[in-house]
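Right, I'll just put the structure down here and ask away after.
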Amino acid sequence: MTFGQALAEAVEEALAEDERVTLIGAGFGSAPLDEAREKYAARIKYPPIAELAYCGIGIGAAMCGVRPIIELSTGTFSYEAIPQIINEAAIAYSNSGGQTSVPIVFHMFHGIRGAGGVQHSGSPHPWYWNTPGLQVAVPGTPADAKGLLRWAALKSKNPTVYMNHTRLLNTRGGVPEGPFEIHFGQAEVSRSGNDVTIVACGIQVPRALEAAETLARDHGIEAEVINLRTLQPLDRVTMLGSVRKTGRAVVTDESHDNCGVAAGLAAIIADEAFTSLKAPVKRVSTMPVPVPYAEPMEDFVTARPDRIVAAVQEIVPGR
Amino acid sequence: MTFGQALAEAVEEALAEDERVTLIGAGFGSAPLDEAREKYAARIKYPPIAELAYCGIGIGAAMCGVRPIIELSTGTFSYEAIPQIINEAAIAYSNSGGQTSVPIVFHMFHGIRGAGGVQHSGSPHPWYWNTPGLQVAVPGTPADAKGLLRWAALKSKNPTVYMNHTRLLNTRGGVPEGPFEIHFGQAEVSRSGNDVTIVACGIQVPRALEAAETLARDHGIEAEVINLRTLQPLDRVTMLGSVRKTGRAVVTDESHDNCGVAAGLAAIIADEAFTSLKAPVKRVSTMPVPVPYAEPMEDFVTARPDRIVAAVQEIVPGR
Amino acid sequence: MAVPVPAESALSLLQLMLRMRRLEEEVIHFQRDHQGLIRGHVHVYIGQEAAGAAGCSVLRKEDRLFTTHRNHAHVLAKGGDAGRILAEIIGRADGLCKGRAGTFHVADPALGILHTSAIVGGCLPLAAGAAYAAKLQGSGQATVAFFGDGAMEEGVFYETLNIAQLWQLPMIFYMENNAVLPGERSGRGSPSSEHSAEALSDIPQAFGVLTQHVDGTDAEAVLELMQDLVARSRRGEGPFFVESRTSRWPGNYGSVPSLVGGDTDISWAWDWQSAPEVVRRWEELSDPIMLYARKLLDRGALTIDRLVELDGSVREEMGHAAEFALNSPLPDAAGALEYAYA
Amino acid sequence: MAVPVPAESALSLLQLMLRMRRLEEEVIHFQRDHQGLIRGHVHVYIGQEAAGAAGCSVLRKEDRLFTTHRNHAHVLAKGGDAGRILAEIIGRADGLCKGRAGTFHVADPALGILHTSAIVGGCLPLAAGAAYAAKLQGSGQATVAFFGDGAMEEGVFYETLNIAQLWQLPMIFYMENNAVLPGERSGRGSPSSEHSAEALSDIPQAFGVLTQHVDGTDAEAVLELMQDLVARSRRGEGPFFVESRTSRWPGNYGSVPSLVGGDTDISWAWDWQSAPEVVRRWEELSDPIMLYARKLLDRGALTIDRLVELDGSVREEMGHAAEFALNSPLPDAAGALEYAYA
């Protein structure tokens, strides 16, 4: 099943299983939701172009026992809603001393989608991960897309920023039958290997796997690929366990590098796995320039598989 | 002279020396600006509570040859303006292929100011540093406050996010006589030492110096303190040179740790100075919870000097 | 003209207003008398009590109230415990939010005050969300958002107003325009220096929202209006917009509130001439408590003795509340890390 | 009623509108005929040409224009080179922004189009800033922001409108309400499904802003209005708000624009009955180019032969422009890293 179908299944099941679930926002990309839209029309709203207000409305509703899924469409549009997401949703539980929880999902598509131009290619997940009180999910596979969204929409008590990379929508993968959830904070070892650990989430998971195949085929290097699934909570045990085993790590993320997710993870690894490290922790991020439009430039700045391969080669002795 | 006085001098001199300079915003904390306000009234505007629009107005004016200084007051209010700062100011030069530059300063006070409550204690500089196209200044001393602001307001061609920590306003320090500027990207070695490098900016500079004094006095450890002054551009040479010399580094910043500034810097150091490192790079950041109000809790989560001392002791062998 | 409120209701309304006033005076005493106790800004509601008291008196416990940086007295009016409010304001363990929220964010979720934002306009979409929830759940709960004229400078006000009207959300936008000249309180409304509209209430009208204006120092006028609007919003009508106009208390001119005329003296109700000059005209024309007490005295619904007694008991209550707050321990430092996530 | 525009001016206005149409048709040809050339969304201005053409024809080179995701034809109308516009849209080295900006952000700083935002409402404060600069500098430059009705759903619109009015900024808010029924184009205005106002133009009026509405398919009506407003804004008057109402082109209903009736056939100007059914009523009632050509034919300011010739030369120009764009090289990949900072 495709990533988009898995996503749609999760949304539809959430609407079906819990009548507290409400959907505010039109999009979900190409996810096939027409049937759900009719069936649960009373709980589905198409708001005006007013991200700040409709995110805030979701937050207020969540405080009152509703479980909103907000569909923000392109992740850069969430910038409009940052005052509500960061200044209200993230703080309410702490500020109330544990009295007011905000079970809400802010769903958005992020990343370099291809000819989006800079204003439709952004990746704000580093800012959301920088914000205590928010959970951050960045699914890498169709199974993640479904399992994480179900958990966030049906089980979680906290606000979740849920980021899908646009280019994942048509990727395929196995998805367990029936309802199932993936609890946040459980990374997956997507590929085993002993020579180097590649840490990734979202779109970087298939890219890391592609890089790992190239490394194995062309260079005899066996990379272990960790799909983090969620940044907050972060599964340090799986990530650090792998790095302690391999002694080498490349962290890759589709966000800019300064205070980006690759840096955030590399700082943790370089500290906590220091004694195991045989080489520096390398980062492969989006290059430091506003994302340009033309294909060759857009491609150039992307955290492509070949850049991951090159980073691994820098730290794994040639074979 | 105090930090606040130095800041006011820079604003006043900028208004006096270049009539393209305009000031939009009322505040500048306790900085003594009354005279300037009268003298340059025609170029000073007090906007409504509409951060998004008045930042955008500054950006549009900057595109047309004006040099605006925008005073946003508390840094968390800048969240309202992120769509304009990040989606417009940061991208215009790149997007236009070098045709439209945006010489503007977004000034704000950030950080845990004491009983601000969570909505007046934020530190968004990691997000701004994550955004290519923006320059980020985080002055640590009165001389920095003046020299960096003069350079940003009078010389720079790029948008600058200029963050002062509220608690620096009444700190004192020497400021060179007459007009002088500090070019961005020039760190300062605030204290020399051979045992460990403490990397800091803004409020963490005096805190690091205080920690260094304690370390020297009580533990015989000589710390070198690097005041970065600006994050973008970043003076890697000074920072990495010091770490290569001492072999040990603690990075401290008043922002949350995940994808925070301490992590951003630690990732760079752990990579580029890997072979010199005798111990893991430690980070001292604001603790991972929305900043609580009550003094003991507020203090507890702060990146205090004693937490810097403890981090240094973790990596420097006991003496 | 409204039917006069029955004497007992009138007295409890007046008492609530007095409690709000004395609460805020304790906050200013904290600041004045205890160095370092109030470490940052505080905002007091003095001069707006009629609006908050009358507005809240028609709400039930389960109804939702959203407020701003100027929240203390709203929380009290909704039923909040004075001691725990004051404890929150000074960051103590017994505060309504365990000292984590502070003056900017006093909230009492058990009373329908789920979260208080100090961001100008921040409460507006949250309130619309609560109304959306009430509508989805068919719960008939009312939602009132109290906010300042300043919020009409922020874009979020307009976005929220538009959605509230499009979705027909049962909420009341209660806008407190709190720096109006006394003679203009009852008119159609005046512009603010930071807003270009000739009258602020023209704006919601242009959005098609049912709009009312009221003299926010007139407790019974507010009561009558809010009785009607809250009843209608319980039936699912709405949104409604109210512009409530009050005149600034002289103690609110500086950068921190200050009792420029001393503590409120209840005798100003029947003898405003005895008030210190700095507050005299305000006590004559604009203090909602004095205006209402005077009206009740005139109407014979109240005697001077009863008023003095009432005030005495309120002062006693607030004295105890202040003591409770001051005696409440500071929260445990390491407890800071609790509550990041539910 | 306006004095008819002199024949020469009328012809150049019509020619500009035709150039805008044919430019957008080339964009759709790119999408239809060259797989992978247009990799994402594009938005075309078909059906709104009268507004952009007449609005821009009164601007000087140094005047400032801000536009949106629907920018291509605005840039052309302000004087942009068609080949370089098309090259930008397909991300080529000869594009106006070296291929870095793309369809969403076509700009031409040398012509006063400094930066184009695709964020709904993004252009509004930028335009106000340009007007603020013009005012500070006393330069007499006019500033026009073209934006869609959707921007009135975003808070930034209201914040900007308020400041523009408070600071008396010499700018024109030119709002293109582009999905209006033909019969409602000349009325007072209609609500949009996403806005609660009875008429969108009620809103700026409530802010005290001088507000006009115009049938945006009527080139001469727009011209007359904009001549006046631009002249006044050069003298420092403003802000002004214009609601310009047009009717949606049938090719704009799907998720990508499509030439559902084929390329525009100039004969529809005198024989709209020959248009394919899917566009026939639109060509009869709502296509600004046909409406204007028909008017000029009726008025005797134009002959069919002259019109056909005009169209021929425009098609030739745009054919060359498309060729230029297609022949322009892709930019160098590593050049991506240039221009992060000035």
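Details
The first chain written gets the first letter, and so on, giving A, B, C and D; residue counts start at 1 in each chain.
The definition used in the following text is that a contact is a pair of C-beta atoms (placed from the backbone, for glycine too) under 8 Å apart; a residue touches a chain by one contact, two chains touch by 3 or more.
All values reported here derive from a predicted model rather than from experimental measurement.
Between A-C and A-D, more C-beta contact pairs are found at A-C. On a Cα centroid basis, the chain most remote from chain D in this structure is C. Distance between chain A and chain B, defined via averaged C-alpha coordinates, is recorded as 29 Å.
Inter-chain centre distance (chain A to chain C, centres taken as mean C-alpha positions): 42 Å.
We define each chain's centre as the mean of its Cα atoms; on that basis chain C and chain D are separated by 48 Å.
The distance from the centre of chain A to the centre of chain D, each centre being the mean of the chain's C-alpha atoms, comes to 38 Å. Residue positions of chain C touching 2 or more other chains, listed in rising order: 95, 99-101, 105, 117, 119, 122, 153-156, 159, 162, 166, 194-195, 338-340. For chain A, residues that reach two or more other chains under the stated contact definition are 48, 50, 52-53, 76, 80, 83, 87, 94-95, 117-119, 132-133, 288-290, 292. Viewed as a contact network, the protein chains are fully connected, with every chain touching every other. Within the complex, the chain A residues that touch chain C are 22, 42-43, 45, 47-48, 50, 52-66, 83-84, 87-88, 92-101, 132-133, 135, 157-158. Chain D meets chain C in the complex at residues 153-159, 161-162, 165-166, 194-198, 202-203, 205-209. Those residues of chain B whose C-beta lies close enough to touch chain C in the complex are 48-50, 52-53, 76-77, 80, 113-120, 287-290, 292-301. Residue ranges of chain D in contact with chain A, taken from their complex: 38-40, 91-93, 95, 99-105, 117-122, 150-151, 153-155, 194-195, 330-340. For chain C in complex with chain A, the touching residues are 64, 66, 95, 97-101, 105, 107, 109-110, 114-115, 117, 119, 122, 124-134, 136-137, 155-156, 159-160, 162-163, 166-167, 338-342.
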